[in-house]
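Listed below are the structures to be examined.
One chain, subunit A, links the two complexes that follow: it is found with subunit B in the first and with subunit C in the second.
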Partner chain A sequence: MSERSQTVPTPEGEYFESTRFAGLSFLLGSVALVALVLCALGAVVNPHQFSYSWLFAFAFFFTLCAGCFFWTIVHHATDAEWTVVVRRQLENIAALLAVLALLFVPILLLRHHLYAWMDIPPGHEAALDFKRAYLDFNFFLIRAIVFLGYFIVASQLLRRFSVRQDRDGNPQFTIWMRRVSFASLPMFALCLTFGAFDWLMSLNYHWFSTMFGVYIFAGAAGSSMSLLVLVITALRQAGYLKDVVTLEHYHIMGKWMLAFCIFWAYIGFGQYMLIWYANIPEETQFFIARNTQSWWALSMLLVVGRFFGPFAILLLRSIKKHPHRLCIVAGWIVFMQMLDMYLIVLPALHGTGVHVSIWDLLSLIAIGATLGFVYLRLVPRTSLFPVRDPRLIESLKLVN
Partner chain B sequence: MMKTPFGHKVYAMAAEYPSAAALYEAAKRVRDAGFRRWDVYSPFPIHGMDEAMGLGKSWLSGWVLFGGVSGLLTAALVEFGPSWGLYPVNVHGKPWNFWTVPAFFPIMFELTVLFGAFASFFAMLGMNGLPRWYHPIFNWERFSRVTNDGFFLAIEARDPRFTEAGVRELLEQTGGQHITIVHED
Partner chain C sequence: MDAAPTAPETIKEAERQIARVPLVLHRRNFSWLTERISGVVEQPAPRWWWVAFTITGSAATFGLFCIGYLISTGVGTWGNNIPVGWAWGITNFVFWIGIGHAGTLISAILFLLRQKWRTSINRSAEAMTLFAVICAAIFPGIHVGRFWMAWYLAPIPSNWAIWQNFRSALMWDVFAVSTYFTVSVLFWYTGLIPDLATLRDRATTRVRKLLFGVFACGWRGSNRNWRHYEMAYLLLAGLSTPLVLSVHSVVSFDFATTILPTWHTTIFPPYFVAGAIFGGFAMVLTLLLPCRAMFKLHDVITAQHIDKMAKIILLTGSFVGYAYTMEFFIAWYSGSSYERFGSWNRVFGPYWWYWWFGMLFCNVLSPQLFWFRWCRRNVLVVFFVAMCVNAGMWFERFIIIVGGLHRDFLPSSWRMFHPTWVDIWTYIGTLGIFTSLFLLFVRFLPMIAMSEVKTAVPEADPHYTTPPGIQSVSPGGKERPR
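Showing the complex of A and B:
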C-alpha cells in the first residue's frame, strides 16, 4: 500500500569497485603494517603497559564485531524484514571476528602481565583458591579457543550461505541460516558472557559481577548498530545502496540505537547501584578505582555521553530520519564504547589516575587499520546487499 | 446546521467501498479535495492509511513528554526535599548531599514512566473525544458491517467545504456505494 515507488534491483546486485578505493586500501594496509610492527616493539619495550593497551583495543573492536554478529543472528531468528538490505554489511563486519581471533594471540602471550591470578600459586590467596576451578590457565585457553572458534565458524557459515544464495536464490539457504542462528542465540550469549568474564572481569580476580556479561552485550549491540549506520552512510556517500537503503531503514537503525542506549544505561546502572548500595569491599573496589582520582571525570563523561546525551537527542524523529545527523550521534556512541572499554581495562593498571599512553593509541590504530584493510578486501567480493533474499522486495518497500 | 427535509440534523454524508484498496484510493482523493473533518472506517487497520488521509504527526508524544518530565520532577522533589533539605539522615554511611542520587534513580525512573503512561492514556482519551456513549455514524444501518466486511468513509457536515451536491459527486467519483446522509440524532 506504500505510495513510494521503488526501483526493483537488478539480479546482479551492486558491486563495490575496489579499484576506486585502492588508495584507501593501500593506506590502511601500510598503516596497519607500521602500527603492528611498532606494537611488536611495544610488547618488548614496555610489555606491562602494552598488554593493557592491546587488551583495551581488542575489547573495543571485538565488541563491535560481535555486536554485528548478534544483529545477523537476530535477523535470521526473527525472520526480520527491514535488515535484509543492510545484512551483507553486518555479515562482512562479523566475518572480521576471524581476524580478531588472530589478534587475540598477543593477549595469550602477554597473559602474565594482565592476569595476576595466573601467577599466584595455590594456597596464597583464599579468595582465589575458591575460584581455582574456573580461573585456571588451561581451562582459560580452552574456553578462549571455544569462544573464538564458535564466533569464526558461525559468522563464516552465515556469510557463506548468504553469498551462495546470491547465486541461485535457493530459499533453502534461508532455512539453514535460520538454523545456525537458533543454535547461535544461546551460544552467543554464553560465549560473550564468559568471554567478558575471562578477558575483562578477571583482570581483577577479587571482583565479580553477574551482570558484567549483559553489560558488555548492551554496549556491543548499541555501538555495533551505530557502526552499521556509519558504514552504510559511508557506502551511500560513495554512491552505493542509494535506491536500496531508505530513510525508513535509517529510522529503524536510529530506534535501535536509542533502545540500546537505554538498555545500556539500565544494565550499567543496575550493576552500579546494587554494588554501591550493598557496599561490600570485594565488589566496590571496582567502582572505587573508577570513581576516584582523575578517573572520575571519565566515568562521568561516560554516564552523560553514553546515555543522557544520546538519549535526549535520539528521541527526536528528525534526527533518526536524517542520515548525517544520525551519523554524528552514531560516531559519538562508537567513541563512547571505546571510552567504556578504556574504563574497564586501564584502571586495572593505573589505579591511581588516568595515564594515557602512546601504546593505547597505537594498539587502536593497529587493530583498527588491520580490520579496515581486511574489510575493504571483503566488501568487493560480493554484492553489497543480498540480491536474492526471499524478503528483499519487502525490505526495499519498508514503511515503519 | 444542515437539516433534512424532515427536520433531522445532518451529521455527515457517508459511502461504502467494496475493498480496503478502494477505500485507500478514495481517502487520497478526499484528502486532495481539501476536507479536514472526515474519517474512514474498516474492520482492520489499513497500512499507510494515515498517509493516505494526510493525518500528519500526532501530538500525543508532546503530552507524554510533559507527563514524563512532571514525573521526574515530582520524584526529584519528594526525594531530595526530605533527604537533602528537610531531614537529612545518615543511612549506611551514604552521602546525604546531591551524590546520594543513585539511590533515587529507581524512583525517578518509575515516576517518569508512571506519569508518562498516565499522560499518554488520558491524553489519548481526550484527543479521541472519549469516553463517548454514542456516535451518530451508528444511525446508518449499513454501518454495522464495519466490524465484519464493510469499508466506509464519512465526510462531516461541519467541514467548511461540505455541500450536499459536491460531496455526493466526490463520493460517487471515488467509487463509493450506498451514498447516504447520516443523521445527527
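Showing the complex of A and C:
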C-alpha cells in the first residue's frame, strides 16, 4: 500500500547546509590535494605503473558519472515520474563529468605508457597498419575532446534547465530537457562506446569485441544506480529528503539494480561464451590474460560478486525496501564495478598475475576525493530535489 | 540559455504538451468497454472478415500442401545447395521467432515496468506471439526432410541411446523456443480467464456458455480469485522476462558460435533481441491498425498507444543501426581480411540491394521518421514504416544467413541461392497460417484485455469521484464525436 495519502502538498525545497559539513568538505579537499600531489610524484617516479593505475581509477569514476548521466536522460526521454525526487542528485553527479574531463589530462600526458600502438611506427606491424586510420593520436585526441565535450555540455545543460525550473516552475524547461535528452540518447551510445574502445579496448590493439561498448554501458548503468542509492541514503541519514524519498522509491531503485545486475551478466556471459566457443586466438587472448595466473581468482570473484550474490539478494523485496540493507548491496556493487574496471585495465600491464600497487589506491583516492569535494560544493547551490517539476506530486505519491 | 519564454500562452501550450492524456478516451466507462470489446466476439462476423479469412486460409492451405509435397518428395524440392544450405528455412524460422518477441515484451516487461498503456494491446500481441512461434516451429520440424524423425530434437532419456549433441546451439534453440512457447501460452491463458468469464456470463447460447465456462475455470471474480490471479500473473511476468532475452539470444548463438565471417560477432545476442522486439512491434502495429479501424476501437487503442509503440520501434531500430555500425567498424578494425570481405560483400556483393533496401532503408532509415511527432501520429506513416520494418527484418535475416554462406572460403565453391516455388509458397503459407490464426482469435476471443483496460480508466481508482457536470458514457448513451 501507498505510504501516502492521495493529496500530497508540494513540499518546499530542501537545501543542504554546507556549514554543517564544512569539516567533511575540508577533509576531502585536503585528502584530494595531498593525493593529487603524490600522484604527480608517482607519474614521475613510476610512470608506467602509475599510468595504468590512473586509467583504472578514471574508468571507474567515469562509468559511475556517465551512468548517472544516462539515468537523467532516460528520465526525461521516457517522461518518468518516480525519478523526479532523486533526479537532482543524478544531475549533480553527472555534472562531475566536467571535473573528470580535467582528470583525463594525465592519461593524455602518459599515453605512451598506456597505448603501445602510439609508439609503433607505420610499416612495422601489418595488423596495426590496417587500423592506422583510427588508431592515430591526433584522431584519438579529437575524439576524446568530442566525447568529453559532449558529456560536459549535455550534463551541464540539463542541470541548468532543471535548476532554472526550480525558480519559476516554467513547464517549457521540461520540454527543453526532453529534447536535449532525445538528442542525447544516440550521442551517449556512440560516445560511451567509442570512448570505451579508445581508452580501454585499445590497451591491447590486437583485441576487439563488438559487445565491448554495451558491456561497459551495462556496468555503468547498474553501478550508478547503486551509487545513487548510497548518495540518497547518505542525505537521508543527514536529515534531508526524509519526506520526499520514500521506501517506494527505494523499491524501484532496488529493482533497477537487480535488472542491471542481470543485464550485466547477460552481456558479460554473451561476450565471454561466444569468444570461448569460437576459440579464435586474436579474441581469446583478452580472456586468457584474465583467466590465468592469479587473475583467475579475481575474475571468479567478479562473476560471483557482480552477479550471483547481488542477484539472489536483490530478488527479496524486504531488501529493496530497506534502505540500509539495500545500501550494503549497493556498496558491494560499486565495489564490484571497481573490480571490473581493474580487471579490464591492469592485466594489460601485469600479464604474469595480480600486482597490487600503492598507485592504484592513491589514484582512486585522488580522483574520488576530488569528485567528492566538488560534489559537496555543488549540492548546496540548489534544492536537493527539483522543487517545481510538473511531475513532482506524482513522484511523491508513488506506489509500486 | 536559461531564459524560457514566460508568455502565458507559451506556458499554457507547454502545459498542454506535458499533460497526461487518458489511456481510454471520451470517458468510456466499464460498461462501454465490455460492450464494445465483447461485441467483436458476439456479433456476426463482418463481411471483410470472411473475405480476409478466405484469402489467408487459401494461402495457409497451399502452404500446407507445399509442406506435404516437401515431405513426400524430399528436400530436393527446396532450393538448398552447397554452400548455402537450407538458408530459406532458417531465414523464415528466425523471422517468425523474432515476430514472437513483442508479445511477451509487452505482457511481461512492460507489466513489470508498470506501463499501463500496455493493457490495450497486450492480449492481441500475446496471441500474435503464439501464432508466430507456431509458424517458426514449422521450419526446424520440416527441414530435416525425414519429418517423422523430428522427435529426435526433444529431450530423450539416455537409455534410448539417441545421443543428441548438447554442445550444438541448434539443440539449445529447441529448449529455448519450447520453454518460451510454454510460458507464453500460460501467460496468455492466465490473462484470458477473467475475460472468458465475462463472455460466459454474457453468453446467449448453451454451447458458448459451456465452452467459455469450462475455459474460465470457474472464475467468479471474488476477492480470493483476484488475489491468486494477480500473484500468478506477477510470477509469470517474472518468469517470462528472462525468456524475452534468452530466446533470441540463443537463436543468435546458432550463428555467433561459429567462426564464419559476419556470423561470429559478440554483439549478436542483444542485437538479435533488439531486432526481434523491433520486428515484433512492427507486426503488432500491422495487425492492430486495421483491427482498430474495422472494429472502431479508437477510444481504446488511441493515438497515444500508437505513438508509444512508434517510439519503441525508433529505439530498437536505432539499436539495430548501432549494432550494424559495430559490426562494420569491428570488421574493419579487426584487420581480418575475411571479416572485411564479408562486410564489403554484404554491401556491394551480389545481394547488395537486400542490404541497401532491407537493412539500411527499411530497418535503419525508415524508423527515423518517428523522431517527428506528426509521423508518429499519422496512421498511414506508421503503417508504412511498420510494413518497411516487416520487410526489412526478413531481408536482414536473409542477408545475414545467405550473405555469410554464399561466398565460401574457396571461390570455386561460390554459389548463389535461388528459392524454388515450394520455398516461396511455404513461406507465404506460413504468412497465411499466421494471419488466419489471428483472424480466428479476433473472432472467438476478446482481442483486448477487458479486465486490464478497466484498471487504466479513472473510475478504477477507489478514490475517484466524477467531476461535477461530467458523465461517463454508457453503451446506450450518445457517442461523442472523435
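As a convention for this text, the second predicted complex is superposed on the first by the 390 of 400 C-alpha atoms of A that agree within 3 Å, B and C clash if a C-alpha of one lies under 4 Å from a C-alpha of the other, contacts with A are read in each partner's own complex, and residues count from 1 in each chain.
Here is the rule we use: a contact is a pair of C-beta atoms (placed from the backbone, for glycine too) under 8 Å apart; a residue touches a chain by one contact, two chains touch by 3 or more.
Note that the structure is predicted; figures quoted are calculated from it, not measured.
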item: Contacts of A:Q172 with subunit B and subunit C, given as first, second, both or neither; value: second
item: Partner chain(s) touched by A:Y277 [first = subunit B, second = subunit C, both, neither]; value: both
item: Which of subunit B and subunit C A:N400 touches, first, second, both or neither; value: second
item: First (subunit B), second (subunit C), both or neither touched by A:N138; value: neither
item: Which superposed partner A:T210 touches (first subunit B, second subunit C, both, neither); value: second
item: First (subunit B), second (subunit C), both or neither touched by A:F130; value: second
item: Which of subunit B and subunit C A:I262 touches, first, second, both or neither; value: second
item: More subunit A residues in contact [subunit B versus subunit C]; value: C
item: Common interface residues of subunit A - those touching subunit B in one complex and subunit C in the other; value: 273, 277, 279
item: Subunit A residues within the subunit C interface of the complex; value: 6, 79, 126-127, 130-131, 134, 157, 160-161, 164, 168, 170-176, 182, 185-186, 189-190, 193, 208-214, 255, 262, 266-267, 270-271, 273-275, 277-280, 282, 390, 400
item: Touching residues on subunit A, where the partner in the complex is subunit B; value: 1-3, 269, 272-273, 276-277, 279, 399
item: Partner subunit A, residues of subunit C touching it in the complex; value: 1-2, 4-6, 10-11, 14-15, 17-18, 112, 114, 242, 245, 249, 253, 256-259, 264-270, 315, 318, 322-323, 326-327, 330, 332-336, 371, 463
item: For the subunit B and subunit A complex, residues of the former touching the latter; value: 21, 24, 46-49, 51-52, 92-93, 102-103, 105-106
